[in-house]
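Submitted below is the structure of interest, expressed as structure tokens.
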Amino acid sequence: MTHVYLDKLTKVYPGANEAAVSDFSLDIPDGELVAFLGPSGCGKTTTLKMIAGLIRPTRGRITFDGEDVIAIPAEKRGAVMVFQNYLLFPYMSVGDNVGFGLKMRGVDKRTIRQKVQEMLELVKLPDISDRRPNQLSGGQQQRVALARALITEPRVLLLDEPLSNLDAHLRDEMRELIVSIQRQLKVTTVFVTHDQEEAVLLADKIALMFEGVLQQFASPDEFYQRPISERAARFFGGVNFIDANRNGNKVETSVGNFVFNAKNSDNAPEGDSVLTIRPEQIAIGHDVPNGENVVTGRVRSRIYVGTYTRYKIAIDDCEIEAIRSADLPGEINEGDEINVHFPSDRIWFVPRNSN
Amino acid sequence: MTFWERWRIPIMLAPTMAIVIILFGGALYYGFLQSLGWQPRIGNTELSLDAYNNILFAGPQTEQFWRGLVLTLWVSFASTFLSAVLAIGSALLLRQTFVGKRVATFLFQFNLPIPHVVAAIGILFLFSQSGLISRGLAQIGVIGAPNQFPIVVRDSLGIGIILSFVWKEAPFLGVIVLAVLQSLGEDYEDLARSLGANRWQRFRYVILPLILPGLLSGSVIVFAFTFGSFEVPAILGVRFPRMLSVTTDRFFRDPDLNSRTEGMAISMIIAVIVLVLVFVYQWLSRRAIRQE
Amino acid sequence: MATTQNLERTTSMQDAPVITEAKSPLAGVLRYAAIGLILLFLLLPLLTFLINAFAFRWFYPQFFPKELSLQAWDNIFAPNFKVGEALWNSTLIAVVVTWVSIIIGIPAARALGMYKFRYKRVVEFFILAPIIVPGISISLGLNINFIRWGLSGTIPGVMLVHLIPVMPYVVLTLSGVFANYNADFEDQARTLGAGPIATFRYVTFPAIFPGIMVASLFAFLVSWSQYILTFLIGGGQVITMPVLLFSTVPGGRNPNIAALSLVFIGPAILILILTSRFLSGKSAIGGFGQI
């Protein structure tokens, strides 16, 4: 419902030497679910609080549907934040917690009660209105916090690490709830996480940031197929990096010469660069035929991980990792010499690291 | 092994409990017996409620007692309330970041270790008719002589006493409130803001309820203390009405041993009133917190 | 289809506006004014002691005395004034009371802070009761018992009564420490071969040391400031600083009173400054309630 635009947002905390967030620009389309992803301390919460109006940016602009909101105080901005540790008011009942935002707007009691009930049903907790926050489980508290945020019909919903305090199975449940509510209400939503898997499972688009700087803003599969840097690739579980020199679709590397043939290859660097490929996209085995982009390697080690097996393979001086489904025919043992295929539409290039 | 397991906790508690029960409980017990007229030394072992009757209804000191009770209640309620208000205001001011915050906070806590006797004397030096404020006003020509300065210490409304208590207790409560505010951080307020609460609403619906438990338990201590405190009213009070603790002390110092009985009766009445008020207060404040 | 955005391309080229933190200057001035007023109220009485203690013939409308003198200091340190005796007694009593209260308070605090047991609330109530019931209410009853035990008018007797208001604060402060204390460290030390004494010495004590410092501060200050119990149990024979100061007030000789007050509060402030780095958090502050 709201198109959020961040223009060169920068925050330098008083007394800090470096900016916590610098020149952060992002275009969040109406009704999308966007993840801010990055390691601890990279400025995710700071950015979220700037959107909410809780922190004034040192520089930059924020617009909602084209309207500059910097001067609008948090309480009037309509960007509601849900904090990582829920922060249910301990001295209020669950119902009063959920109704808080409406009470602040002077809505009459009857309407509040009715809306509270609707919201609690939305988060699938219809019968706990009279309980105290300390009588709820972590998952329930999280849902109440969500209901409390949604009751004011925010223009933008901001979730700070909504799943990080929950255990694994609650996390799945909560994730589905967030997605379904978001789809239902179509509220523009930003959520913060440091877990790439969570970002991939939830978000329409992911904004990856390191040290206060936006690295890449793209759909989840893009981060797997076309990472922008070695560091971004590693953050998404990439492990194979081979120095290369690319010239159009001709690639020279220390392990052999390859052909590069990916869609959307515009952004891939040319010249001295690093070839990367995800371990699950490398085909290995005695049955892999010789041909283009196929080299031979020796199996160093194998780890059986249930549905698949992880292999470390030496190709000349290089070691790569590959994953192979456990139920493919043909056994591969340690020490075997096998064919390794780097599919020409699966390899990708990132800039050579300067350091 | 089992002996230790069974008796461990009682043994750990024993020395402290001995002090409380033997010294404190014993003193209350003998004080109570005395208030009933039990004085074996002068051969009086018959128990009666005469002393209570004399104090409460029909004795030369009855009026002093009732007027003293009113004064004592007034002084302790007013001191507690004003201290709490000043404490909240100071804590909210000191919580923000500003240049000189550390110094201000240090100075704010500076009088915590200063004894009440000294507090009373300081208020006397400052607010008496020839005190520093009076002199200051005379210097700038607002008043011409000491007797033009209003009587605020050794006055019958106990204003000097209240000033001393507020001087001592506001920083005490303020430090408690400040500690609560700092341990909570600003997340609750940020959250309330993002849900649409304005400045006043954030104070009323977020800060106040969060500091209330600490503030209430701190102010119970302040109330109980001011109710029974002796030094301050002894230095800053008037002859009539006297706060109850001072009246009690008068009785104790009286050479007539019978008046000790009456002194004991008053001190028992003080103890009962404080206990009852503290219980009522606790009960009310629990309810208030629950209803928030 | 979503494509990777080239960041240089999407950011607008014109420089984003610089936002200065909006702080109204009026709010800043008002805050300093309010803080200044509060501090003035809190510090002016202390200033009066300094002025009075050195004032000589400080006639009425003068704000600061025209003449200064050390007369008051000579007066109070004259032998018949007994400041030396009072300082010694006060220090001795406060130090012994502090030690004793800590030693007997530690096990009680541990029991209350770490274990659940029946009648815990009752025990807590009893331990806290001396905070609520005023000293004046128990002093005469105490005196009767102390006369019978031959402790009335003696220093040990005064030390004993000081334990009554001191114990609640010590136990309260330390039980807060034990409530956040992880006893697994002790078990770990035991399995590594430490006996009970070594365990206390090397594990328990260092862990609760900050709490002990805070509790000691309160114990010392409560004892140091105690007037009414000292006076009624000491029966005028045990002269401590508050007893001496209190007895000088009716004389109305302000310079003497002021000088004596400064001698009295000096050690209290010193002790506070020495231990202040241990003071933090809410539980640590409760102890100031009865000083």
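Annotations for the structure displayed:
Going in written order, the chains are labelled A, B and C, and every chain counts its residues from 1.
The working rule: a residue touches a chain if its C-beta (ideal position, glycine included) is under 8 Å from a C-beta of that chain, and two chains touch if they have at least 3 such contacts.
From a predicted model like this one, the values you see are computed outputs, not experimental measurements.
Put simply, the chain closest to the centre of the protein, by Cα centroids, is C.
When the C-beta pairs in contact are tallied for B-C and for A-B, the bigger tally goes to B-C.
Chain A and chain C have Cα centroids lying 52 Å from one another. Mean C-alpha positions place chain B and chain C at a centre distance of 16 Å. Put simply, the C-alpha centre of chain A and that of chain B have 57 angstrom between them.
For chain A, the set of residues that touch two or more other chains is empty. Residues 8-9, 11-13, 15-17, 19-21, 23-32, 34, 86, 89-90, 93-94, 96, 98, 104, 107-108, 110-119, 121-123, 125-126, 130-133, 135-136, 138-139, 145-146, 167, 170-172, 175-176, 179-180, 183, 214, 218, 220-222, 224-225, 227-231, 234-235, 245, 248-249, 252, 260, 263-264, 267-268, 270-271, 274-275, 278 of chain B are the ones that touch chain C when the two sit in their complex. Those residues of chain B whose C-beta lies close enough to touch chain A in the complex are 97, 187-188, 190-198, 201, 205-206, 209-210, 212, 289-290, 292.
Note for the complex: chain A touches chain B at residues 14, 49, 52-54, 73-77, 79-81, 83, 85, 87, 89, 91-92, 100-101, 103-105, 148-149, 152, 158. Within the complex formed with chain B, the chain C residues making contact are 28, 31-32, 34-35, 38-39, 41-49, 51-52, 60-63, 104-105, 107-108, 110-112, 115, 117, 123, 126-127, 129-142, 144-145, 160-161, 163-164, 167, 171, 221, 224-225, 227-228, 232, 242, 245-246, 249, 254, 257-258, 261, 264-265, 268-269, 271-272, 280-282, 284-286, 288-291.
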